[in-house]
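Right after this note come the structures.
Each of the next two complexes has chain A plus one more chain, namely chain B in the first and chain C in the second.
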Partner chain A sequence: MSFLTPQRAAIAAALLLLVTLPIWVGNPYYINVASQILFFAVFALGLNVIVGYGGLVSLGHAGLAAIAGYTAALMLAAGHGHFISDFAAILVTLAASAVFAVLSLRGTGIGFLMITLAIGQIIWGILYRWSSLTNGDNGVNVSGRPAPFGISLASADSFYYATLLVFLAAVATMAVFFRSPFGASLRGTRDQARRMTALGYNVWLIRFLAILISGFWSGVAGLLFIYYNQFISPQVATLTASAEVLLMVISGGTATLLGPIAGAAIVVIMKNVVSAYIVRWNLVLGVIFVLIITFMPEGLVPGSVRLWRTAWRKLSRRDGVIPAKTEPTP
Partner chain B sequence: MNLWLTLAVNSISLGGLLFLLSAGFSLIFGLMRIPNLLHGSFFMLGAYLGVSALNWHINFWVAALLSALAMTLIGGLIERFLLRRLAGQELAQVLLTLGLSFIVADVCLMIWTGDPWQPATPEHLRGAVQVGTLFFPIYRLVILAVAIVIAIGLWLMIDWTRLGAMIRAGVDDAPIARVVGIKVSQLFTLIFSLGAALAAFAGVMGAPYLSVYPGLDFEMLPLALIVVILGGTGSLLGALVGSFLIGFLYNFGQAMFPDLAYVILFLPMLLVLVLRPQGLFGRAMP
Partner chain C sequence: MSALTVTGLCKAFGGLQVTSNVNLNVEPGERRLIIGPNGAGKTTLFNLITGEITPDSGSVHLFGHDITKTPSRRRPHLGMARTYQIITLFSLDTILRNVTLALLGLSPLRWNPLIDLDQQHDLVEHAHAALVRVGLDHIAARPLAQTSYGERRRVEIAMALAQNPKVLLLDEPFAGLSIDERRDVQKCLLAIPRDVTIVMIEHNMDVALEFAEHITLLHFGEVIVEGNRAEVVDNPRTREVYLGH
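Let's turn to the complex of A and B:
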């Protein structure tokens, strides 16, 4: 019964690294990149609830994050306080997620994907065209970050720590959630929806609740996004934005806790690095998308291991015995 | 009075364009079971190719056919060498078309820049027809006529030829169709190419009227999506009715509620989803 298992040691090391990051990074630019990674990771973790564990691929989640962002930004612009604006934003996002769920759960699989895409486009359409409410393409400015308990979040360091707290809360709730009976039943609806129904589970309700949870964290990420940028525009709700988050989930490896976090880190770093050299981010995004889906659909980390093993086996020509596939059959 | 009539004529010609776009989308969906998220990109790329051809003073119809031919080839290659690799994994195929659509959008932006291109309406299609005291622009009527001709052609092909029978068999039950010796994979390539060609043709036909600009792809894709959800997947009649419905809704919505026009467009789709998920003319999805 040793207290220091390798897993716990790794978690402690990761925590130490994250907490001390502003000290060893130093440059505010990179601290800001780290903040971006963290709030996109919160978003990706939220989306992973339904994509990875629920088997429901959504292409409209950027719309949910945008609803939270716009609600808060518009209320702040109308002169309300930070607390009440953020609280209202989360409530509105939850309500929107409920509508989103009721409509999109009319289909599963490809049907679900199409409906979420359409809903995402509707949200984008409202934000873009209803300019008397949302100021159209010009977007809404957010004046200043909040100062919870009198601590100002204006500097890169303090904002990083606030984001880190939210991120850790998200990771912790996800870890607890997926070990809970509810998490197990959600995985059950993904793998064997019909059997779950036969066992007496309400598949629709389980999926509905999963979409609410996913919508909640998308909303939280949306709030962090507007406080980081202090600005929001319809660009946040485009199909590209939804695809970007989906790419984070898929590229890291779905249905894992670390996958979406790794995916968020990869995509945000790529985006920052690539944008520094060329303006063709969408092209790069598309190429990565196509490459990952074609060559390593299970995600970058497990996928590279598999490709490496195949290459190694071919090189060493020891392929006398072909190992059976160990993946569980659906 | 005249405003309403103009709107109606615009609605009908937009409906015709939408039919050309969504007929292919619907057939691909019916046969391959995937929404082809590249369809808007086919429309836009086809339109750009047509515009470039028109700039070299090629005849309008020849330009439209050349563009359709080029997209037939591109569509066929994409199906044969990319989508085929992922046969049976519908989700991966959809995401692949999404990734490709970003690539097409950025490549178009690189080649044709961000400025909108609007070719002049070809000379022999300018002017208007007078019926009583009313004037109808010829070009809009020609779009409608082309859509009707193609609709009849597609209907004859699907309902009255051996090829059409094979396609219907593939739509109904692909595994059994394979068992009786129909090469369903070849049909996939064929239908995908045909859909790409129709979308490109629609793109060129629409260019003098909609103009071509970056973002046109993701403006047309949701329209095709709505039409097919409304009409039912794999149903040509559904695509036809859905296209004209959306054509009217789009133009009248924009004239009456400019702020919310885009949202109004999606309302019938939401209604259909709630009340009749298989679409107006579709059968229940297996």
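Let's turn to the complex of A and C:
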């Protein structure tokens, strides 16, 4: 087998593109847009663990990202260092995810969705109303970005590269996770929960752990968000914020690795780039979602693959490259 | 020691008593057939034995161990496997992956998020071996969506056999099969070694009677006739409520 398969070549090209992005983009504004795409992609990849692979649709995950962001922001404001603040933020987010999981796993399907929505709203309400701690609607400022190994992340380029590293770690972890026995178990609970129990699986615990993993990456995205904006407010935890990330996952393609990344790119580009040229950019985004759902109900990435294969088959048949049927239909 | 003992098992859904004081004693290696008209409580009895439904009263013992309060998910680890009347498989996966999932259910590997499942050669080999037993190994890589109903029935059996059970509960394994498919499934079941105790619900009496040694007739949730094949078939109550005159 050749070392350079088409898949490896595509990965290498994508990596090259990402690593050299600040060079060929140049404009710091667009480099910042790329950073946003990357940390929203991390968020969407985390949510995809439960939405795509667990079949559990959550509308409260922005609350978990906000908990990480607020924990770090408040600890930094209290004079703690970046490392300890970020570490504590992830621990608090994991603890919050555990509570989130215990409460939300009392239901499945629409029940799960409604409980997560309610939890998300409770988190938003606490952040908004507990002014003595969270400064209410005024939010919390974050003074400066961390400088790991003495490298300042103050510039758009350096912050992009730091975000890219985290993004690549998330993608690599997810790629391994989805092929792993635990990933297969999680998919099994999505497709046939009853059967999984009869086969000896602890369905509740599998879902609980999946929510923790998802919460972890939501927390990481929350940290990148506050370092990017150097500010956090209750807006981060709104229902709209949760719905936006969910739309990234669904529009890109659930249960795929590239889908949430593509979804994040669409939403962030529409918000930051297209909105500069089109006042009603929300309308355009809505039309894009409608088109995706109509023509590619499985999502942009798997839908594009399907259309590409269909087109390739038709072209090949027309040119006589492959016969009309490659194998008998059972 | 009996392989499976059910004592005084009762279950009601609201005002409807679905099983009423059911007693069952299945010896190791036995082939037991559970028959009864629709609504007799046969599948509910299976669900009570496997723990999917909690009984109102009574007990279930597996090789002498009281498993009445053991969670359903633990019972496969104790040697109990089942198939479903309505085929319950992972339709987005291949045949091989379905059987691998069955094996993974009993393996500590199922918690591992860091290894590649396809590279677990031990599991994959065992899955192939289970598929050989039901004659499906040649299409192991085929997506389940591209298989026939009869093949799916055999995948169900392969998944149960892959778990190396001591007690196997088969819920209507011949339901909806053509004559050829029925013959294939029958061949699989007859090849199961005697160290596996089998309890089977079946309506198709031609194939079921050939397979069963002891028969239990359920009617309105009660055991009304029990005995060996000849005793039950010749019993007037069996003819009255089930076989017809």
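Convention: the second predicted complex is superposed on the first by the 279 of 330 C-alpha atoms of A that agree within 3 Å, B and C clash if a C-alpha of one lies under 4 Å from a C-alpha of the other, contacts with A are read in each partner's own complex, and residues count from 1 in each chain.
As a working rule, a residue touches a chain if its C-beta (ideal position, glycine included) is under 8 Å from a C-beta of that chain, and two chains touch if they have at least 3 such contacts.
Note that this is a predicted model, so its numbers are computed, not measured.
Once chain A of one complex is fitted onto chain A of the other, the partner contacts of A:Phe208 are absent, as it touches neither chain B nor chain C. Contacts of A:Phe182 after superposition: chain C is touched, whereas chain B is not reached. Between chain B and chain C, the partner in contact with more residues of chain A is B. In the superposed model, A:Thr197 makes contact with chain C only, not with chain B.
In the superposed model, A:Leu239 lies in contact with chain B only, and not with chain C. After overlaying the two complexes on the shared chain, residue contacts for A:Leu103 are found with chain B alone; chain C is out of touch. By the document's definition of touching, of the two partners only chain B reaches A:Leu117; chain C does not.
Looking at the complex, you find that chain C touches chain A at residues 50, 52, 72-77, 82, 84, 88-93, 97, 100-102, 104-107, 109-118, 120, 142, 146-148, 159, 163.
Of all the residues in chain B, the ones that touch chain A in their complex are 33-35, 37, 82, 85-86, 89-92, 94-96, 98-103, 105-107, 110, 218, 222, 225-226, 229, 258-263, 265-266, 269-270, 273-274, 277, 285. Here chain A touches chain B in the complex through residues 57, 59, 103, 106-107, 109-111, 113-115, 117-118, 121-122, 125-126, 128-132, 238-240, 243, 246, 250, 280, 282-283, 285-290, 293-294, 297, going by the rule given at the top. Partner chain C is touched in their complex by these residues of chain A: 176-177, 179-185, 187-188, 191-192, 194-203, 213, 329-330.
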